[in-house]
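For reference, the structures are reproduced in the following blocks.
Shared between the two complexes below is chain A, which pairs with chain B and chain C, respectively.
So, the complex of A and B:
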């Protein structure tokens, strides 16, 4: 019964998802109209449970004995809060309203929210998983619904093309991750992460299986790179993010990323930290290279884009790179100690990325689109939102509120002081400096400077450019509306949920960045989530000396 | 005749995985590409069972854990199969082709 008790949040989300799937079968408009409220209620229930203290004696597969339980609670709370913001972004419009929202009542909205809840349940499972099987199932539960969501998010061919691309690469990367997990399991003889950690620390493993263990860890890192949109498997992001509807793009840039980072931290932690076992230098070098390549590629590609959704895809890649800096520093041993700021820096940055990213997409969705660039057989496909720089030209002048939200979020993404993005980057750079990765920090700062190039283009398009008179905002949306046979007034674009989400995230960017109490609250929560580690350098055991030379895990 | 050892089973499983990777990279048919990922999953299942069986005498729990792991892997593979066929059929209806090269609208 304890097992079920611990899984109440996940079970609640899955049950709400089942209710939504049943609602999807009805034709009643009322039932469909209820669907976002049901999703919101389920998320609110789970969020409320996070605040309550949890039971003590949990089974070892979800007990999170390796990581501090605060880590699980932190990830779960963050996921649920951002999922609520994302639900606001997905709020469907009436069929007669604007088409800036991707979802309309009467279409697949209940199914869509059901899939969303399933995906969030997957992230919660990953957050609590202390077992390889549960970890893998959680990753897959978080991923599989997103493939369907991309496909049904827009009723046009590009969305399906994006979904197929995303799915195939996702299946490939899942297989890579699974092979890595298999090798780790085979080498250590345990699926429980605590058991793995103990086995890694014991000497007898290294004689026979160290090679398998090493390959396993590398494969897991590479496979999870897909979830993070990080270097070797980052290239899908541009196409998939563009093909999906705008709110779905926001979903894609956060939920898989937090899944990937949680799983990565958990696996690396089992392979190295808590029993003061040195993590193989190969992993650290690999993470270092991935961090540098991911940041640089993301920002360089970002400079070349004109479509804002493609820019945000590049931004998503680059931000994964920044967070990988924190992960690299967290698992680098200096003087027999792991830096305790590494993981907390990554967790703080996940919060920061979650809020500032949602704000940009909320503003994009409140701006009308020109006729969609992707047309299908000459028909005008339903656009989901403003996508190109031309679409948002002058929008900040016309509507200063939207402009402010966009400006705050973009400045935060760059990392301007007094925004949460700046604090996040400082907290990521600090552990890297503690383990004297000067080069890594310099590359990170340079990258943040380069990234200003494309974020400032968004801001300047909103404020400095005049909207072209002939294809102004109203004109384009009206022609578009006529073309799709709906009445479309600009007032419909600023739906209350979108505005609420935008204001919330912009406010959070400022509050977490410049209000000291709010900032320290999140920071201390993140610091508590640090893994249980040896308190003194003296405990650090040296590597067993009797390892056979060719198959040995390289030392630092 | 030499006895079959852990390495033999791992070799079979990992070769199946490698064939899957090559098929995924080289083939230009969505169904075949999907079958290649299935082949990768099945190769992993063989690896898992082999690792578990290797420790049957020393630690029977590992054996059962590996069996449980494999069953979950098969379930996930089946779920992916259902999803893949649905997505591929949707695409096929639009252009009557399974060639991924025909779908380049996002590359502009």
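So, the complex of A and C:
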């Protein structure tokens, strides 16, 4: 078993991406049509590999850089499964193989799917990284393709604006993260996460470098807040989510988030070696404040929106806040122990958020936009499906199936019992209560109540409002009708991949609510995420801090 | 036997699922009625099979292992004692009537409507059968969704606003209950697995929490229940929801959904706060009840809309119900449980009659209606009967429970004579506003929106000339069972009172007291029971 062998999933995805880029150069119709299939096949291959038990452990030389405990496998599997759902959302539905109701890729369809695979490969790298450099590379590999994807997802100005905004702020946050990582390296002399935690655990370091370490940790947390769409770097989300094409918005609200949380858990884990020290109170306090601010700001902003994509951006912010509750609780020391319940809560919530979020966007893509007389000269912008509350008014009456999917997903996002969202909130509240963050739990449940305010507006728009008189497309110009008519006619929009994704996620929203296996997986994953086991403090021997640069770079 | 409760829950649930694919509106309403009647029959079977000799014991116990989630101590644990039994019977009794009442008044999207009714039935039955704290909460919240749609789609002019207000109000408050539930559940067994089992949680809350913690947990629980009941300062969603809901929605809302709050208080809040916290809070709660009783009655008095009047009367009546609960003695709590059932019957019936008036005249304005007795003697008979039952006329059901709750308040160590006296004043006000409404609507010169008040008499016999006539066969068939129940429980309240004695006194004892004490009745408890029996018998004579 060699190093490459351990990287098979990532390598497979990157290779598939390269194939797609080459195909893109041919500019042929066949290439465009084949690209979603290739992407799906690559993801399915990786997913199958993840599901199959590998059995043998990595040799220690590789384990220094790459890890494969249950935590990693869990994150990778989840990412790949949700990525498959997201691919379904992107599935081109017209003859040219580059367009869906709300996506218009033009000639770039193969490249788009290639970038998507690269981004997923980045998340897999982050999940396995046991080294700061690899971790950062993974984060960037996951992020950089998304900037391009936002821009080419649809040919209108708002998408370009969103891409530019996203890129600059993303670059800023990456710089912040990198600066933080540098401080950590400077303080501990190691880029290897195990080495860092050993260095943190040794007493002599603590006296001299703790200040640097503190700054480093805070900078990393703040930089990652961008990926999570968490306070204080949450504000880009509204514009970017609205500008991107709807399936891309679904992508944006999950892939960066799981990257961010994985990296956050990894780094905090290394900084808080529970053997000798607890995590500096600063980190925990910072996370506490971020959790409260993120969910409160997200939900309050959500109440003010009329555009559902903006609402979902707010919802994305708010859900990051909920998950930060779990992270905060996970890294609060009680009785000299970390509880794995915090991590398992976050992991379960990631699963939950993944499925319920995809469902909402799938429904949005299956509903047509209505021309709005006040914007865009009363025409529908190209590659635009339903986006505002007015667009979906009465849709649940016309199409009860779509209505049900939307209602289930929204109720799950609120956290109504019998849905996966409810179970997720229970599992996040539990660790917080264990470490006596009662205030945090109360703020969280009150936020769930606030969030009901805007999710219910979506449900009531679909079911309680009368559909407006059918204006149709006859008012708009002939060319416009040609451009849009084929895309926006409901019969063409309700395509099999979208419907499949929607039904799948709505079904998962209900079933997972009582699904024990998911929780068992989450639990074992969480237990192994602490690679310094809190219950066996004697095992880890503090290594002498490695200051000299050459020895700090792990064997590769 | 063991599977009885599962069957009871599965019948409406499966019925709802199958109901979604009914071919026509007619078929769907017949199907819904059939399913709800089957549920009622099952509830009847529960009564027949229930061992009343050990009414305090939780029977039909069932806890399928496949649904257990050890992570959070959750399990689908169903079991009922006689208190739950009677509330289940009430639910199963009212729902077919409500469905039958929607027969013609619901004209649009009928399939959906009847599916939501069955889902609602499922959720309500679940609340009363749950023996797991989290499961209780699951069902408690689940009732919101069907009700949200029933109000929001089939309600009156302001239905969307009313539905949102209903959902957000109750949900916002019950998330605090949720936090409280998690708190006691997670701490229920310190050092070991968390447990949501109701008995474990209560025992722990009584012995394991400091008084301070207990008080906060109790407050969290009360937050959700008080809004659902609704107690005085948080009742504002109720009149709007009632007025906007379709008739059947109001019937279920008043008849059963409000009882979820009082039931939760009885089953969860009282035992959790038992030795200290509840005694500490009881006077405050009692004052809120009294304010609710008086305020609700006064506001009801000035209403022009009959439905709103009945809605405010619910605020007033539920004040009595909670007053009996916080009295914390056997008489009071027993009266309170009986009150839940009686209020469900008579207020549900009142809403039905009001709905029937509205179906005919499309108005509920007291100023526009007058002298209806002349045209509709049968309707007038039922309206007067249910009004009297609601006022608490001796011989009808309302009297017994009102009497017992007030007696409970008088003799309670938590409350006292002052509370009883003010509550008794509420009864007088109750008679005032209800009789005022009846006098205006039923008697006096005949006036309806169609007659314009021009002709005072002589039209009653021309029921066929396009003017709405008296109650039809279907409507009478809906009201007769309610009338029978109202009279029956007025004459023989012991059917219920005697069977709930044992579970009530079990509730009022600190838990963890040996089960041995509970089964063969100890000297003290026997004394209490004899006392109650005396009281009840004394009043009947």
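Note that in this section the second predicted complex is superposed on the first by the 456 of 556 C-alpha atoms of A that agree within 3 Å, B and C clash if a C-alpha of one lies under 4 Å from a C-alpha of the other, contacts with A are read in each partner's own complex, and residues count from 1 in each chain.
Convention: a residue touches a chain if its C-beta (ideal position, glycine included) is under 8 Å from a C-beta of that chain, and two chains touch if they have at least 3 such contacts.
Here the structure is a predicted model, which means the values were calculated and not measured.
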Notebook entry, point to check: Between chain B (first) and chain C (second), which, if any, makes contact with A:161: first, second, both or neither?
Noted result: first
Next item on the list: Could you say whether A:445 touches chain B, chain C, both of them, or neither, answering first, second, both or neither?
Entry: second
Notebook entry, point to check: Is A:519 in contact with chain B, with chain C, with both, or with neither (first, second, both, neither)?
Noted result: second
Notebook entry, point to check: When the two structures are overlaid on chain A, which partner does A:399 contact: first (chain B), second (chain C), both, or neither?
Noted result: neither
Notebook entry, point to check: Which partner does A:411 contact after superposing on A: first (chain B), second (chain C), both, neither?
Noted result: second
Next item on the list: Figure out whether A:111 sits in contact with chain B (first) or chain C (second), or with both, or with neither.
Entry: neither
Item checked: Set of chain A residues, in rising order, touched by both chain B and chain C -> none
Margin query: Under the stated contact criterion, what part of chain B meets chain A in this complex?
Written below: 10, 17, 20-21, 24, 30, 33-34, 37, 40-41, 43-44, 47-48, 50-51, 54-55, 59, 62, 65-66, 68-69, 72-73, 76, 79-80, 83-84, 87-88, 90-91, 94, 100, 103, 105-108
Item checked: chain A residues within the chain B interface of the complex -> 132-133, 136-137, 140, 144, 147-148, 151, 157-158, 160-165, 167-168, 171-172, 174-175, 178-179, 182-183, 185-186, 189-191, 239, 242-243, 373-374
Next item on the list: Give every residue of chain C touching chain A within the complex, in rising order.
Entry: 67-69, 71-72, 109, 112, 134, 137-139, 141-142, 144-145, 148-149, 152-153, 159-160, 163-164, 167-168, 171-172, 175-176, 178-179, 182-183, 186-187, 194
Check: Which of the residues in chain A come into contact with chain C in the complex?
Finding: 397, 400, 411, 414, 416-418, 422, 426-427, 429-430, 433-434, 438, 441-442, 445-446, 448-450, 452-453, 456-457, 460, 463-465, 514, 516, 519, 523
